[in-house]
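Take a look at the structures below.
Below, chain A partners chain B and then partners chain C, in two separate complexes.
Let's turn to the complex of A and B:
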């Protein structure tokens, strides 16, 4: 066996140029795969973190049916008992109740359909970045009339100023329409155009009063330490909340389209890399086939001298393995370096490119990751492709008859 | 002569040529399928938006686009004569647009109100064809309303139920009218569906106190390529009182995004091209080394280096061209059925709907795809042959002839 390994190693350096080119091809594919996957997965994670912290929370508590049909009638009481359950959950780092309601707002001659979001400012501060996005003015306070925060774009569309009062028209919990004056105390900018155009933030008590909701809320957003805690936290909380007829949803259940756009992008990337690997596999097939047929005479003589055919096949297999392995190692190393560099120097977009990203609710930023499974998966898929590519040449060697080999030209 | 030698050289080692050809063909097929899918996706995004609401050209009072207020209305019924007199405009429709609140007895929702002339609108947008239950609006002054499936679900109403629409009037007071839901619709764009409702234009005018005024005209042109020209001509005819915008002005992000798909495709071509180059370099190197003695003889009998160089390059270029041709034919054969049935991505349909694409993607083959393939792949083949060709002319004739 040791002899075979030695022979194989020497054989691949007999045609140095060809071996290096083959190694380069493999390394190129591996590096590109590692870098692309890193860029994709790293960017998804940053986006998920940011979106989760900004909008949905890692988990959300809702009444059954609210997700498909978010109306006030599907709200639920935010009771002491509920709070004590939430407080007792080990994995939950914070939670905040929210009320969502559609409203028509008017300022002078302008009116727009908007969404009112009632938040508990103290609790929200701990679990989300909503209040960090205030651009101008100050936070609204409850108990000081109806104070609200509105999106920068909405303020511009309304042609209003901070300090102005707008008329808010809503349908209350009882079904009757109510209107009231609200005072703009500040603006925010989340980045998402739709959000900045339609959302109004206000203290939850103000909104509950406006809607006649008493202590009812639409959802409770929950934060966790990290995404890995998602499933265990959901399971344990759902168990505690089932008697209260409440559902626990994960962020991807709350925002299915966000989750799916990530998946769509992900699949697109994987398909492209699969094509790349296939093209490179043909390169490997070609090289190996050439190097094998070129040595048919040599093989014939070796066989004639009494080398078992099985060992000859093993020899060629080792050669392929060496080539592919060097390529994979170099590719992983280079790809890892690229990823490491991008993690430390994230790519930030500006201009129109950034605007497109923001339009779909993504951050205009790309980063990478050095997660082990990227390297493992890449290595395994390239190995698998190389294996398939070498089957045909190996078969040729296995079927070689000594005499035919010697006479081969 | 050189072509002939190159061509014959190619077939001296059939297996080798076949394998490198196969890898080129597979690369080309993959490029064609990916490219046509992305083209289809881009086109669908754009045409869906145009078809659902935007139309080819919109005309408003100057400043409306930046600040869509009720008072930015047009009051010049004669203007339609200009549209009607042009043969390159196939249809036009007036609209009144505003924001409001739509309530059922259970729930309410902020909505974007679109007052339309049902017959004229039908000639321009797909809304009439997107009705999923009930029917389309029947007249200009009926108390009928068409809402999306999504909104019907949210408001818990069905066809036949009554809803109340409310919005600020032109004079600043709040106007409201009762409507009966005559139908529900569903488009590929879930964001649009969530908020858009359609009512007859005269009812909208009455509710909003608009009188004869309207917010916009939307036009459909005969051939989409002419849109820009028609826009510019209309700008001249209509003067500075109006703004004439085409879909590129109204959907700049989307147009830019479709262009971005194109740019991404160039990167795809580049990467696949580089991957192919490695294989080509290896193959051509082998082809050259195998023939060292022969090349030595050619040199010894006086063949200039230049010709030997081109002989190798041409061999590789032929490979590239042949691979591109076979790949294109096969890729096209795969594309043909796909372009009819479409590729069903319904597992991602929620996301595709928020992109405004629809869950079935129909790939689109345009001449640009052909040009990209035939421009890039043979060039990569030539690039891959340069190093082997240089090797070939570096041999000393005598050494080369003695090479074993």
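Let's turn to the complex of A and C:
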């Protein structure tokens, strides 16, 4: 066996140029795969983190059925007991109750359908970036009349100024319509066009009062340290909340369309890479077949000298393995370097391109990741491709008859 | 003389036959409970699995063009008004003493929390103009023989529905039931006309139930308590200034 390995190693350097080209092809494919996967997955993760921090929370507590039909009737009391359960969960780094309600708002001749979002400002500050997005004015305060923050675009559409009072019409918890004045204390800009056009933020107590909700809330948004904690945190929290008839949803269950747009993009990327791997497989097939047929005479003589055919096949297999391994290692190394560089120097878009990204709710930024599974998956898929590609040449070697080999030209 | 009689007979027969065209039937049903003008008091009960809400309202209508609807009970919402002129709707809110114009994007939202939409108020229901109508069956509803008609919107008709099924009573040409379907053929809601009684000099259904088929247990019942047809209504009550009085 040792001899075989030594022979194989020497054999691949007998035709230096061909081997180097094969190694380079493999290395290039691996590098490209690692780099594009890194770019894709890294960008997804940044986007997910940002969207999750801004809107849904990593996890969300809801009453069953709220996700499909979000009405005030599916709200639930935000009790001390619930808070103590949340406080005792180890993986949860913070949580904030929220109330969502549809409203019709009006200022002078302009009226729009909007969504009111009641937030606990102190808690929200710890788990989300909502309040960091204030552009003008100041935060609304609880108990000082109905103070609200509205989207920059909504303010413009209403043709109102900070300090103006607008009329808000809602249907309360009891079904009655309620109308009241709310004073604009500031504006925010989240970057998402829809959000900035339709959302109004206000202290949760103000909104609960407006709707006659008492201590009920629509959802509780929960933050975790990282996305990897998602499943274990969900499991343990769900166990604690099942007796209270509450559901725990992950961010992708709360925002299925966001998840889907990511998945769609991801599938596109994977398809591209699959094609790349197939091309590489043909490259390997080509060089291996060439090197094998070229050496039929040599193989014939070795066989005639009494070398078992099985060993000859193993020898060729080792040669392929060496080439592919060197290629994969080099590719992973180079790809890793590219990813490392991008992580430290993220690609930021500006201008029109950035605007398109924002419209779809994505950050105008691309970054990468060094997650181990990218390297492992790439290595395994290239190995698999190499295995399939070498089956035919190896079969030819296995079927070779010594005399035919010697006379082969 | 003989000729004269047969001629008259022919006219009579033609008239009878005309009265039977699907378009005629629907037109008569639509006209039955709408006058040139009308004034009425009705009670609207919004029923959901979680609560029941009863509103008492007063309304003035001029054809399908203009309408003013005023809530008179309960006290919490009394004074809120809805004004419709043509395609526009304004809501006067008593608490803040303001008037809101309902934006086009909100037209399909619930009106006063009921299973009716703002669009129901605005839509000019000109069934004969907007739909191709045919009789599909003879049916018996609430013990009364009816025609069952199918209304398919004409191309380009300004209609949100994919199909209507319309039951009209054979005895008095009054509407009995309307089912609303979307483009995919899914039933969205059902309106039923019940308790035919003589009111305001006409026989009309006095209890209307609008059932939301997509939300289980949600329906809105309107009971007409008082109605008068073809009275004089001063045009000035349909104005924004009057609305805020």
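Assume the second predicted complex is superposed on the first by the 409 of 409 C-alpha atoms of A that agree within 3 Å, B and C clash if a C-alpha of one lies under 4 Å from a C-alpha of the other, contacts with A are read in each partner's own complex, and residues count from 1 in each chain.
Rule of thumb we're sticking to: a residue touches a chain if its C-beta (ideal position, glycine included) is under 8 Å from a C-beta of that chain, and two chains touch if they have at least 3 such contacts.
Treat the numbers as computed from the prediction; the structure is a model and nothing was measured.
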Chain A as common anchor, with chain B and chain C clashing or fitting: clash
Partner chain(s) touched by A:260 [first = chain B, second = chain C, both, neither]: first
Which superposed partner A:180 touches (first chain B, second chain C, both, neither): second
Residue contacts on chain A - larger count, chain B or chain C: B
Which of chain B and chain C A:112 touches, first, second, both or neither: both
Which superposed partner A:104 touches (first chain B, second chain C, both, neither): both
Contacts of A:25 with chain B and chain C, given as first, second, both or neither: first
Chain B versus chain C as contact partner of A:171, first or second or both or neither: both
Which of chain B and chain C A:406 touches, first, second, both or neither: neither
Touching partner for A:159 - first (chain B), second (chain C), both, neither: first
Overlapping segment of chain B (options 94-102, 256-264, 292-300 or 346-354) - the one that collides with chain C in the superposed model: 94-102
Overlap of chain C and chain B interfaces on chain A (superposed complexes): 69, 73, 102, 104, 106, 109, 111-113, 169, 171, 175, 177
Complex contacts: residues of chain A adjacent to chain B: 17-18, 21-22, 24-25, 28-29, 32, 68-73, 102-104, 106, 108-115, 157, 159, 169-171, 175, 177, 194, 198, 256-261, 263-264, 267, 271-272, 275-276, 278-280, 282-283, 285-287, 289-290, 293-294, 352-353, 355-356, 359-360
Chain B residues within the chain A interface of the complex: 15-16, 19-20, 22-23, 26-27, 30, 34, 67, 69-71, 98-101, 103, 105-112, 153-154, 156, 166-168, 170, 172, 174, 190-191, 195, 253, 256-257, 260, 268, 271-272, 274-276, 278-279, 281-283, 285-286, 345, 348-355
List of chain A residues in touch with chain C within their complex: 69, 73, 102, 104, 106, 109, 111-113, 167, 169, 171, 174-181
Complex contact set, residues of chain C against chain A: 46, 48, 50-51, 53, 76-77, 80, 91, 93, 95-96, 98, 100-103, 105-106, 109-110, 112-113, 215
